[in-house]
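The data blocks that follow each hold one structure.
Paired with subunit B in one complex and with subunit C in the other, subunit A is shared by the two complexes that follow.
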Partner chain A sequence: MKRPTRTEIRGARAAAGFLLPFLALFLFCFIAPIGYALYESVLKTERTGALGLGGETREVWAGFSNYAHALEDDRFTTGFGRVLLFGAVQIPLMIAFATALALLLEAASARWVGFFRTAFFLPYGVPGVIASILWGFLYVPGISPLVELADAAGWEVDFLGRSAVLWSIANIVTWQFTGYNMLVLIAQLKAVPGELYEAARIDGASAWQVARHIKLPLIRPALVLTTVFSLIGTLQLFAEPKVLKPLSNSIDSGYTPNLAAYNEAFTSNNQHIAAAEAVLLALVACVLSFGFLRLVGQRGRDGEDR
Partner chain B sequence: MSASDAQGPGTPRRAVLGGAAAVAAGFALTGCGSDDDGEPEGRKKGEKITLTFWSWVPGIDKPVALWNRRHPEVRVEVEKVSAVDGAQYAKMHAAIKAGKPPDLGQIEYPVVPSFLIDNGLLDLTRYGVAAHKDRFIGWQWQQSVFGKAVYAVPQASGPMGLFLRRDLFDKWAIEPPATWDDYAEAAEAVRRRGAWIETFSATNGNRFAGLAWQAGARWFRTEGDTWVVSLDDEPTRKVADYWDDLVRQKLIKTIPDRQNAWYKDIQTGAMASWLGASWGDALLVGNAPRTAGKWRVAPMPQWEKGGHAHANWGGSTTAVFAGTRYPKDALEFAIWLNTDPDSIALLIENGYGTPGAKKGYATSDLDVHKDFFGGQTYSRVFAEASRGVDTSWRWGPATDTLYQRLGDAFTAAVGNGGSFRSALAKVQGETVWDLKEKGLKAEAG
Partner chain C sequence: MTTGLTEDAPADGTPEADPRPQKNRRRGTGRGAGPRPPLRYRIITVSLLAVAALYFLTPVYWLAVSATKSSSDLFGTFGFWFHDPRPLDRLRQVLTHDDGIYVRWFLNSLLYAGVGALVATLLSAAAGYALAVYRFPGREAVFNVVLAGVLIPGTALALPLYLLFSELGLANTYAAVLIPSVVSPFGVYLCRIYAAAAVPGSLLEAARIDGAGETRIFTTLGLRLMTPALVTVFLFQFVHIWNNFFLPLVMLSDSDLYPVQLGLTSWQGYADRQPELYQYTVGGALLSVLPLMVLMGVLQRYWRTGLTEGSVKA
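Now for the complex of A and B:
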């Protein structure tokens, strides 16, 4: 075996030095909380003393009973169904919309590209809570000019009603994130070598054909990336329903899985079940994202084979 | 003003909505309990200390400032906490778990037991609280008594009453309803004029509890060391059926109360009355200033003609947390805050409901917003109601969870047309489950 040279040792030390801050933060802010959540999720509180008041409180091993409890709670499982429905509708719409905007802005004939790119991207700079408050004002009857306009036109709308409120939330999310996704797609479009377009044009391809057969296949990785981010974001929906909840008569405490876990922890003061719900949520997010990646990965290879 | 869910007088609506942003604060916790079980050493003579006091009551800093002027050695620092959606209690529970609670906290009556199962509050009898018992209204005192222990000092309560737009009722020739039957008729009459008499806010478990309380319900009692939950009892069913019927007939709205749309309705007269509580005067004054002079307060409608059954909505205590290092001084402050005439005067000025103290003010002092109510001495209505409150009502542990369950069940019922009555059975089952999950013995009554 060859002994490492001095330069190699120095190189390794430098690498470790650069990695250490990241690893420390990663451990502290990521691995540790996950470990703590896992730990909390397998415990439960046992109380002694008459009526549980003024007695001793102990944390004891609970096995998977918190998980069972979470899955038995129809509030929690309904919330899951709800965000999945939300994702099935909102993600394709938003990604399609973002792609269309990106292609338009990157088209040769586009004007004022810088202005529009910034304008579309701007909502992403607004924090989710603020965006929800803003839209909240546009949804509340009696205050919202939109509702007033609709009323004047003889059209009765209730943005916060049972059938509409999920899509009112979808609207906020779309408003916020379309520009961001568009920007990711544009970045990938910029990376496409110009010769490809030239070659296509020489071959007589129309703008539409260039978009369909050159641009779209080449930004595929960016499309996959934005979809996975959106998928995870959808499962973690929280701020929007949380802010709209007091305004609406149709958002319950388990409207989304994240909201259910939050309320379990901070209203019911039951951290153990909340931890179990959070772990379940993370698992589902994992399965769905990796499942999606695998799915598109396989299709991608099939495409290359052809 | 003392109910946390009653946004303070003059609290701008925007602030209320924006308050949700404060929710994020609730996340900042890591759990590590302190194992320090020793008796706190207390303050040495002449030592200067600072006590922290978590409260959301608008203007609470004024009596506290007065205390600080008079007691330079025991400084009290108010830390304002958000009262949106129970965020203040989330923060308190988290602080207890983290082993760093404040010394004192504002806690509503229904929520006191949920802190006991965390051993979060100090049993004040060890520090001589019993000597002050007679200075407080009996039933308010009793709300914080469990076994022989006393866990909090009463501040104020919220006997319920019916706020109504006298001008509109007169114009439409509708009598203020004396019974619930009258009320249903009035609802129909108001509806014929294109306005609404009220909203059934599905998520307002607090008020629904008050309505059930008035009808004679007892949601919680104890048998031996077991909690007995009887949410699905006859009186509560009667109340649920009644409101279910009004909702089905579309005689009342179902929007959430005390939110933007509701404030707008109150300002424009689209909603002609409100079943509120004594702290509600400041709320109306603050949010519908242009309707000044048009409101009156009437007693809550009765189930039996000529009856005198009343209920309470809201009201809170000053509690001392078990983690405090200076229990004696904290208790002294809590007693002073709620009994000293100068302190009470400042609290009344800011509108805090019906005092828990017996002395130190005159009933007429409570008519702070007399002009708004056309010169009516409306505090008499609430004083009368306070005497008619069924004092045997008890709160159980996990009331905040119960409200949430109730809110969820009513939200579903309003949305999909299920009956309110079936919501009660569901919530009763869930509550028993919740209590058992907390490690308590519980059964359905």
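Now for the complex of A and C:
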């Protein structure tokens, strides 16, 4: 290797200066908590007194027993299964919905597009908690006009019942994020050169064929990314079940992995198990999102930009 | 995977794509003026869109109607229509309840989201610029670690972060929410790919020959060239912090420090015992949603740059 030139040394020094503030905080807020969670997760609290009663508490090595405890806990594993089921159903539906809206908006006459796009995107401005409070009111019998209308029509609906509540939560998430995903897809559609459509149309392709064979393949990268980030969002599901919990008996303290970890830490005061659960959650999220990206063959050339 | 993200970048191409949407829009209207699809299709299209709009707007409409009602009317009257609407009285009650705690929550939210997003943007700009402009050993490694940070679920971090912060005595302070909010791996990612395309090396070289220092080049040239990306980073981070619930929930126990979302859930939690809180929760929810929704309505027109890259944010 040749010796670095003066410009290169100067550049490296400047780069370090620009990077340092971010990297220091990144270490503090991303790397350190991961390390700390790993550390906490292999410890347990033990009382020093006879028979484990009274006396001082101290932290002792626990090996993987916290992980074993978490994985043997039915509520925690059921919660995991629940969010996976949720994702398997809700994510494809939402992405399909967003794609349909994006393609319809592309096809609609220009006069209406602005209004509809705004209407669809509006819920993204409603925080998850507020959306949950809002839909919670629309689910609870006695206050909800939806239940009232259904009753009047002779339907018996129970949005918060054991089998329905998960899909009521799915509805909240879909309501919030479809418009956002749609906007991402539209942005990608706009980047497609118009000549491509023109050429297809001249070749006699129908609007449906253009959508199916030209637009869909071209927005594939955006579809992949929206899916991955919906996946990560789904695994973190927390605000919706937390807000709906007082309204529904069907939501227990381990309804989602995140809720379980939160309750371990703040209700049961067992931070070691909570740490183990947080680690497991992060692990599953990484495995699933990396796995999905590999599956769809997004492994690319090297990341060199210039 | 990480490379997958980068690979996309030039295709979604921020800077060169920048003038494109306009061209496309012009082309788009041209397309529309050509052979129009049959009326039947246009009617179907608009009907489908209208049904979707109904779905997205109904809850917002319910919220607006309900914010004008008292607690007893919330339960006693039909939700989709007005009953004894007294919007100003109701809103005043929300704002003055409990010595105006709502106003305090709202200002807290503004502080967290405003200051957090501003600092996050500056830090991301500097880091992204450095990663794009300079060559140094370990550059790709640093970038890949930051990208991995994008994929880590924020809530999985919040709990250990709380444990760590309570050891350091930082829990239950403004800093507990602000410090994690200023770190945006996504912002660094966006700034890097933007700067890589928007900041020409020859320009930097020229500035260096003119004797400008690296800091000066960054603050005068770099920041200006990166402005579109910076706006996007700021907005994403603002919305992200404003909407974040788990972090403040975990970190804060003093209700004076609550952001508005957390405050509203605490009202909702007490509403069983204090029925008027139902009314305040609904009114407060409407008030808290209005500014952001107006922002969304205005921004979605301009908020194109980096949206495809923006899909990186959940």
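Just so we're on the same page, the second predicted complex is superposed on the first by the 284 of 306 C-alpha atoms of A that agree within 3 Å, B and C clash if a C-alpha of one lies under 4 Å from a C-alpha of the other, contacts with A are read in each partner's own complex, and residues count from 1 in each chain.
The rule is short, and it goes like this: contacts are C-beta pairs under 8 Å (C-beta built on N, C-alpha and C of every residue); 3 or more make two chains touch, one makes a residue touch a chain.
Predicted, not measured: the structure shown is a model, and the values here were computed from it.
A.B. asks: Look at A:46 in the shared chain and tell me whether it touches subunit B only, subunit C only, both, or neither; answer first, second, both or neither.
C.D. replies: In the superposition, A:46 contacts subunit B only.
A.B. asks: Touch test for A:229: subunit B only (first), subunit C only (second), both, or neither?
C.D. replies: It touches subunit C, and subunit B stays clear.
A.B. asks: For A:145, decide between first (touching subunit B), second (touching subunit C), both and neither.
C.D. replies: second
A.B. asks: Which chain, subunit B or subunit C, is in touch with more residues of subunit A?
C.D. replies: Looking at subunit B versus subunit C, the one contacting more residues of subunit A is C.
A.B. asks: Is A:162 in contact with subunit B, with subunit C, with both, or with neither (first, second, both, neither)?
C.D. replies: In the superposition, A:162 contacts subunit B only.
A.B. asks: So, A:243: does it touch subunit B (first), subunit C (second), both, or neither?
C.D. replies: It touches subunit B and subunit C both.
A.B. asks: Is A:137 contacted by the first partner subunit B, the second partner subunit C, both or neither?
C.D. replies: In the superposition, A:137 touches subunit B and subunit C alike.
A.B. asks: For subunit A, which residues belong to both interfaces, subunit B and subunit C?
C.D. replies: Residues common to the subunit A contacts of subunit C and of subunit B are 36, 40, 129-130, 133, 137, 142-143, 242-243, 246, 262, 265-266, 271, listed in rising order.
A.B. asks: Quick one: which bits of subunit B touch subunit A in the complex? Just the residue numbers, please.
C.D. replies: 17-18, 20-21, 23-24, 26, 30-31, 84-87, 89-90, 93-94, 97, 113-114, 116-119, 123, 146-147, 149, 201-203, 222, 224-227, 254-256, 259-261, 264-265, 268, 270, 397-398, 400-401, 404, 407-408, 411-412, 414-416, 434, 437-441
A.B. asks: Using the touch rule from the top, collect the residues of subunit A that touch subunit B in their complex.
C.D. replies: Per the touch definition, subunit A meets subunit B at residues 36, 40, 44-47, 50-55, 57, 69, 75, 129-130, 132-133, 136-137, 140-143, 162, 242-243, 245-254, 262-263, 265-271, 273.
A.B. asks: Per the contact definition, I'd like the list of subunit A residues that touch subunit C in the complex.
C.D. replies: The contact residues of subunit A facing subunit C are 7-8, 10-12, 14-19, 21-23, 25-26, 28-30, 32-34, 36-37, 40, 100-101, 104-105, 107-110, 112, 114-131, 133-135, 137-138, 142-146, 148, 175, 178-179, 181, 183-184, 187-188, 190-191, 194, 197-198, 207, 221-222, 225-226, 228-230, 232-233, 235-236, 238-239, 242-243, 246, 258, 261-262, 265-266, 271, 274-275, 278-279, 281-282, 285-286, 289-290, 293-294, 298-306.
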